[in-house]
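Multiple structures are listed underneath, in structure tokens.
Shared chain: chain A. Partners: chain B in the first complex, chain C in the second.
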Partner chain A sequence: MASIDIDAPGTNQLLIGNEAIARGALEAGVGFAAAYPGTPSSEIMESLASVSKNMGIYAQWSVNEKVAMEAAAGASFAGIRAIASMKQNGVNVISDFLANLVMTGIGNGGLVLVSCDDPSAISSSNEQDTRPIAKWLDIPLLEPGNFQEAKEMTKWLFDLSEELGTICMLRSVTRISHARGNVKLGELLKKEQKAYFDQIHDTRNVMPTKFMPVPSALRHALLHVRLDNAREKFESSPFNWYVGPDNADLLIITCGSCWLYSREAVKALKLDDRVGILKLGTLWPLPEKFVERHLSKSQKVLVVEEIDPFLERSVMELVANLPPGAPRPLFYGKRSGDINAYGELNPDKVIKAVSNIMGLAYQPRDIEYGKKAEEISKSNVPERMMTFCPGCAHRASFWAIKNALKLDGRNGIVTGDIGCYSMALGPAGFFQVRTMHCMGAGIGVANGLGKLGQFGFNQPVLAVCGDSTFFHAAIPALINGIYNQSNFILIVLDNSATAMTGFQPHPGTGVSAMGEPTKAVSMEALCRSLGIHVDICDPFDLESTTATLLEMMADGGAKVVIMRRECELVRSHREKGKPYKVHVDPEKCIGEACGCDRLCTRVFRCPGLIWDKEAGKAKIDEVICTGCGVCADICPQGAIVKEAT
Partner chain B sequence: MTTKTLMNDPLNLIITGVGGQGNVRVSLLIGNALVREGYFVTIGETYGASQRGGPVMSHLRISKEIECSPFISDGRADVILGMEPVETLRMLGRFGNPDVITIVNPRPIHSIDVTGGEAEYPDLDRLMKTIKELSAKTWVINATEEAQKMGDPIFANVILVGALIGCGVLPLDEKSVEPVLRESFPKEFEANMMAFSKGMQLAG
Partner chain C sequence: MDTKVKGSKELFDEVIDAGLCTLCGACTGGCPYLVPYKGRIVLLDNCTLTEGQCYQYCPRTYTDMNAISQQVHGVPYSKDELGTAKEVLMARSTDARIREKAQYGGTVTTLLSLALSEGLVDGAIMSKTSDDKTPGAFLARNVEEVLEGAGSNYMACPVLEALNHIPKDSQEGLAIVAIPCQAMALAKMKKDPPQDRVNIGNVKIVIGLFCTWALSPDGFHHFLKENLELPQVTKFDIPPPPANRFDAYAQSGKVSFPLDQIRKYVMSSCSYCLDMTSEFADISVGSVEGIEGWNTLIVRTNAGAELVEMAKMKGKLETDTLPPQNLAHLKEAALLKKKRALQEIVKRSGDINNLLYVGLSKGMVDKLLSE
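Showing the complex of A and B:
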């Protein structure tokens, strides 16, 4: 990761969008940063935390997004500039607080919310668009069209937030947050900041310093005035611009990374003198006069944006309100089907839409070559399904869960949620998990399933969650299960890190975001304090883990099993070398003749195990194998041999 | 020989492999070296927890003039650096064209679909022949094998960076990469510099 505190204004750095956002916050003199990890947002906090000491700022991984947002608001109330960052799902988690925060207004410190959306859900459970939340809750919203803007917008949003007295939001997407581009650095703002909660009066308006949303109607009216002020500022914003001819055959209205796709599409089709692009950076409230001025440039308008028709509807709404006789363009976009209202876009999709509308043919490569390349690759390129890493403890945990459920014989169900272990919906975890929604949902759903005894339900219910998820969202549901006498086993797959998003620390790890030692919250002590049965096992010990689960399933109540084994990627980063040297004894492995039906390669499927087709036997790929030795315990022939190194 | 200008502007480079091979590391090394030389570089990457063991690709767009999007259009790759052969063919299928230059590490990594028996890994000789057929020019670099000789298969990625520079498709040379390697591997600079030189030599 690049260091974002380089004191070299004017130099060009290659930064991912998230680093650019973090740098923008530093250039704005941010004092307080809070976040919960979530792809594609995590690097904002990671890079701020990594420079926190040098820059004299405070940074925390919060237990969840809601607490992160509330903590950042606390800093704002005491006059410190604060930022909260999260992925799209996190914005749902904070929405209750937000709906009230927009009414109370902020303190003297600017407050910025960054939401990193994930069109196509590349690393997410869904591809929710958070821009409508900004509209819904009356929050001024910007979206950067490149990496430089990611920095500049973040920086400016702190000023805007203070001027308006309200929280402001930046929406990024994966292809900005996780892509990398040139960013010209500005001056770092290092200043002595004094936090003080002024109880006497609010300098901004006549109300006393009380951050409360009542009287609601009055506060709501005030919020609308703030939005009108924001709109006025947006009318002359340098984040909005037009490129193209004065009279265009087609006007593209776009925002975010789609600005780059649109420009490339126009270039690829050689339409620079026929198609204009109106790039908007200030999305809500819409700078209506600015947009209206450009609408007269063409009778056809194509709106290019990712996921919801947010901009499209805003512009249509504007057109509907124009006086009689004003130009009314023909709209192309998601409503017309020219641009998908799902999945991320790319230059090709925009090329397709523009060439359709303009009646042009586009040929990216030699036709014969294209046919041949597609044909050959289709028949020769096998799928590469995602799976747990070699040596991952989750593979062992789900092996034990699978076997315990089979031995129990009552058709037990596993509910799950969000984390690496979501992959247990598929072959990586032997198809064990049956439900996946949001953080903590597995145990919530288990609460309901475990109360269906009066309707004849007798299937055991196992809910899995990760260690970070346990702290984030599972605790209230566990308490609910105890209070309401539900019947389920909560299995905490504790790999001692927020592994899926890049191994961030959490309340159980004893380390803070800034790398300082802190009090580790013991999940077993916490669970035991609730007066329930709690067991801890090592998933690499398949036999005892299976036995523990079986024993727990024998009677009812809410219980907890902690399956504890460090994430292999964390271990291998710290320790060189493998715990075991593993090999397949070719004498003992009798392949297809065994009757195990290739249990190791067909079912267990660690990527370190491969099938030697010619020999008809299993084999270890030494480049991939991490030497965990678990597969030695699953082979019925004892053909997989592990030797301690 | 190392050229000092771009073959095309923008130059479209794809780096591909399997999650865990070091795709992101390779794209960063090359990108940082190019930014030092005054280029606009945009890198789009497909990675994330779910990508471990899955196909991974980085798109590098390199220009003297303009900032590009992080996506190379279908059929428009100029250079493909493949850390794994099947992944290289996957990229050729979608992004290849008659002028594409390919640098490929021929060491297969089997997917769980292959070990599980639902999919078949193509015959390696046939696979390499196809890659050559679909490329205007192909460099086959035994990077994993060389890396194992150096003591750790992970060196394969820096060896491939060396090969990419060595075959002259980028406006970079050893001197422009050295400071980036020093910065990226403060503790293991010597070993990585050796791996880089090995790659240069293999392509030379």
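Showing the complex of A and C:
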């Protein structure tokens, strides 16, 4: 990762989009940063935290997005510039706070929310578009079309936020956040900042605090004035521009990474003199006069944007309000079916849409090319399914869960949520997880399932959540289940890390984002304080973990079992060497014969196990085997041997 | 009747889910997918094999009765009510300690103890109840451990799981205490020796128990738990007719339940079983109606005869002639079980020529039904 605090104004640095955003915040003199990890947003906080001491800023991984946003607002209320960053799902989590924050306005410190969206849900549960939230909650919104803009916009949003007195939002997407490009650096703003909360009730200030959302109607009206001010500034923003002829056969209106795709499409089709591109960086409120001026450039408008028809509808609204007799262009985009309203876009898709509208027979590439490329890549890459890492404790946990549910025999259900363990929807976790929604949803859903006894429901309900998720969203649902006497077992898959997003610390780890030691919160002490039975298992001890689950299921009631085993990637990073040396005794391995049927490579499927087709035996891939030894415990023939190292 | 060997899917379709499973344990122990748990055979994961030893040795998949009889006894399936037998006797242990601990005459415990102490076998596979009287398969390695397993609990127990758990390279000789379905599964293994499991030749002696039916280890255990302080119970007994009750003994005294209250916990599969006296064992042992403290003993094979002879010679076992009226009663009861089972089987299959698992000639079946 590049260091974002290089004090070299005017130089070009190769930064990923998220680093550019973080750099923008530094150049704006941000003092406070809070976030909850989530792909593709995590590097913003990671890079800010890594320079926090040098830059004299405060950085925290918060317990969840809502707390991050509220904490950042707290800093703003006391005059410190603050930023909160998260992935798209997190914006839903903070929406209740945001709806009130826009009413109260911010303090003297600029406040910026960064949402990194994930079109195609490459590393997400959904591909929700957060731009409509800005419109819904009256928040000024910008979206960068390249890496330089990612930095410049972030920096400017602090100024804008302070000028308008309201929170401002930056939306990025995976292809901006995680792609890398040249960014010309500006000056780092390092200044002494004094925090003071000035809404004190005393003889000089007898007014109530301004940080309350009442009187709502009045404040709502004031918010609209702020938005009008923002629109006015956006009319002349350098983040909006037009390239192309004065009279175009087609006008593309686009934003974000789609600007890059659109430009590439026009170039590839050699249509620079026939197609114009209106690139917008200030998406909400829409700079109406600016857009209106360019609408007259063509009779045909194609809106190129990912996921929701946000710009498309905003521009249509604008056209609907044009005076009588004004030219009304023909719209192409999601409504017409030329641009898909789901999944990522790419230059090919834009080329296809433009070709279709322009009546061109352009073939983006030879049809055979794709097939050939796929064949070549397959020949060099071993076929691997999406699965847990070798040595991952989750594989062992789900093995025990699977066996316990089968033995119990009542068709028990596992409800899940977001984390590496979401992969237990598939073969990695033996298809055990049956529901997956948002953070903490598994235990919430379990609360309902566990109260259906009066309707004849007798299936055991197991909710799984990770350790970070436990702190993020599971606690209120657990308390609800205890209070309302629901029947479920909360299984905390405690690998002592926020593993899926890159091992960020959380309240259970005993270390802060800035690398300082902190008091770890004991989840077992917390759960026990709620007056329920809590067991702690080592998932590598398959037998006792299975037995614990069976006992708990037979007992009924709300219970917690913590399956604790450190993430193997964390362990192997700290300790060199493997706990066991594992090998297969080919004399004992019976492979596909009755009495095994390839249990290890067909069902258990740790990537460290290889099926040697020719020999008809299992083998250990010594390069990736981490020596956890769990496979030795599942081998029915005692053919997998583990020797302590 | 389908005589082919099939896989675990068909085992579930035709036996386990069809209510024919006796919980003998033959399909478990040597397989990572099939596990006995609280009175059920559980499939932990799908096995892809279309032919499996689970199906092959199951005593409720097709069984060629003549072939396994030929294997164990050297003759085709006998039309005698008690199966192939060299001798039918009355026997009891000479050791008072054994008699006290064991059911009736302590013959099984005595024979196992002798086989172990004389080095004829290195271990004895049997069922044993835990402190809370849950039955489980168990490998006894000495006389003391055999005594721990003494006494009946009347619950089905997957005893053969313990056999299949023994490492395949083990050379140790084994005795097995089996109920009729288990003796039949063992006979099927002797006929077609298992692969990748312990050598069936290591099984030196099969001591069969008389069995009219077995109780579900889940349902019945639950009943016991609700009605008794199980850790206090020292012995269970179903005294011979006409008592018609189930007795549980504890230090505080005896608690009796009417047999009718117990019957609903009988394994559904038992009504399809023809065998009351463990006809494919080397020796079969049961109670004697009306004569307390003695066992009925059927000697069936040479191996069985040698062990009984040694026990008598060493003064461990005392034998007597079974009174003719007792023998007649026993035969009557054994025949009644065969008839009832065949009737149930035909009722189920709906076809006089389809006897589900029973591979017997039509002539033999007609003979049994007409006697």
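Here is the rule we use: the second predicted complex is superposed on the first by the 612 of 645 C-alpha atoms of A that agree within 3 Å, B and C clash if a C-alpha of one lies under 4 Å from a C-alpha of the other, contacts with A are read in each partner's own complex, and residues count from 1 in each chain.
We adopt the following convention: a contact is a pair of C-beta atoms (placed from the backbone, for glycine too) under 8 Å apart; a residue touches a chain by one contact, two chains touch by 3 or more.
Note that the structure is a prediction, hence the values are computed from the model and not measured.
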Message = Between chain B and chain C, whom does A:R574 touch in the aligned arrangement: first, second, both, or neither?
response = neither
Message = Under the stated touch criterion, which partner chain does A:T601 make contact with: chain B (first), chain C (second), both, or neither?
response = first
Message = Looking at A:I590 after the superposition, I want to know if it touches chain B, chain C, both of them or none. Which is it: first, second, both, neither?
response = second
Message = So in the superposed three-chain picture, is A:E383 touching just chain B, just chain C, both, or none of them (first/second/both/neither)?
response = first
Ask   = When both complexes are superposed, which of chain B and chain C contacts more residues belonging to chain A?
value = B
Task = Using the superposition on chain A described above, determine whether A:P636 touches chain B (first), chain C (second), both, or neither.
result = second
Inquiry  = Output check: A:K406 vs chain B and chain C. Expected answer is one of first, second, both, neither. What do you get?
reply    = second
Note = The shared contact residues of chain A with chain B and chain C are 602-603
Request  = Give every residue of chain C touching chain A within the complex, in rising order.
outcome  = 30-33, 35, 37-38, 40, 42-45, 47-49, 51-54, 167, 195-197
Query = Residues of chain B touching chain A in their complex?
reply = 18, 20, 27-28, 31-32, 35, 40-55, 67-71, 73-76, 86-87, 89-90, 92-94, 96-98, 107, 109-122, 126-127, 130, 134, 144, 148, 153
Remark   = Residue set of chain A touching chain B in the complex reads 12-14, 39-40, 122-123, 146-147, 175, 178-182, 257, 260-261, 263-264, 268, 346-348, 351, 364-366, 369-370, 372-374, 376-378, 380-390, 420, 423, 427-428, 499-501, 598, 601-603, 605, 607, 609-611, 621, 623-624
Request  = Report the residues of chain A in contact with chain C in the complex, numbered from low to high.
outcome  = 402-403, 406-407, 409, 430, 590, 592-597, 599, 602-603, 634, 636-638
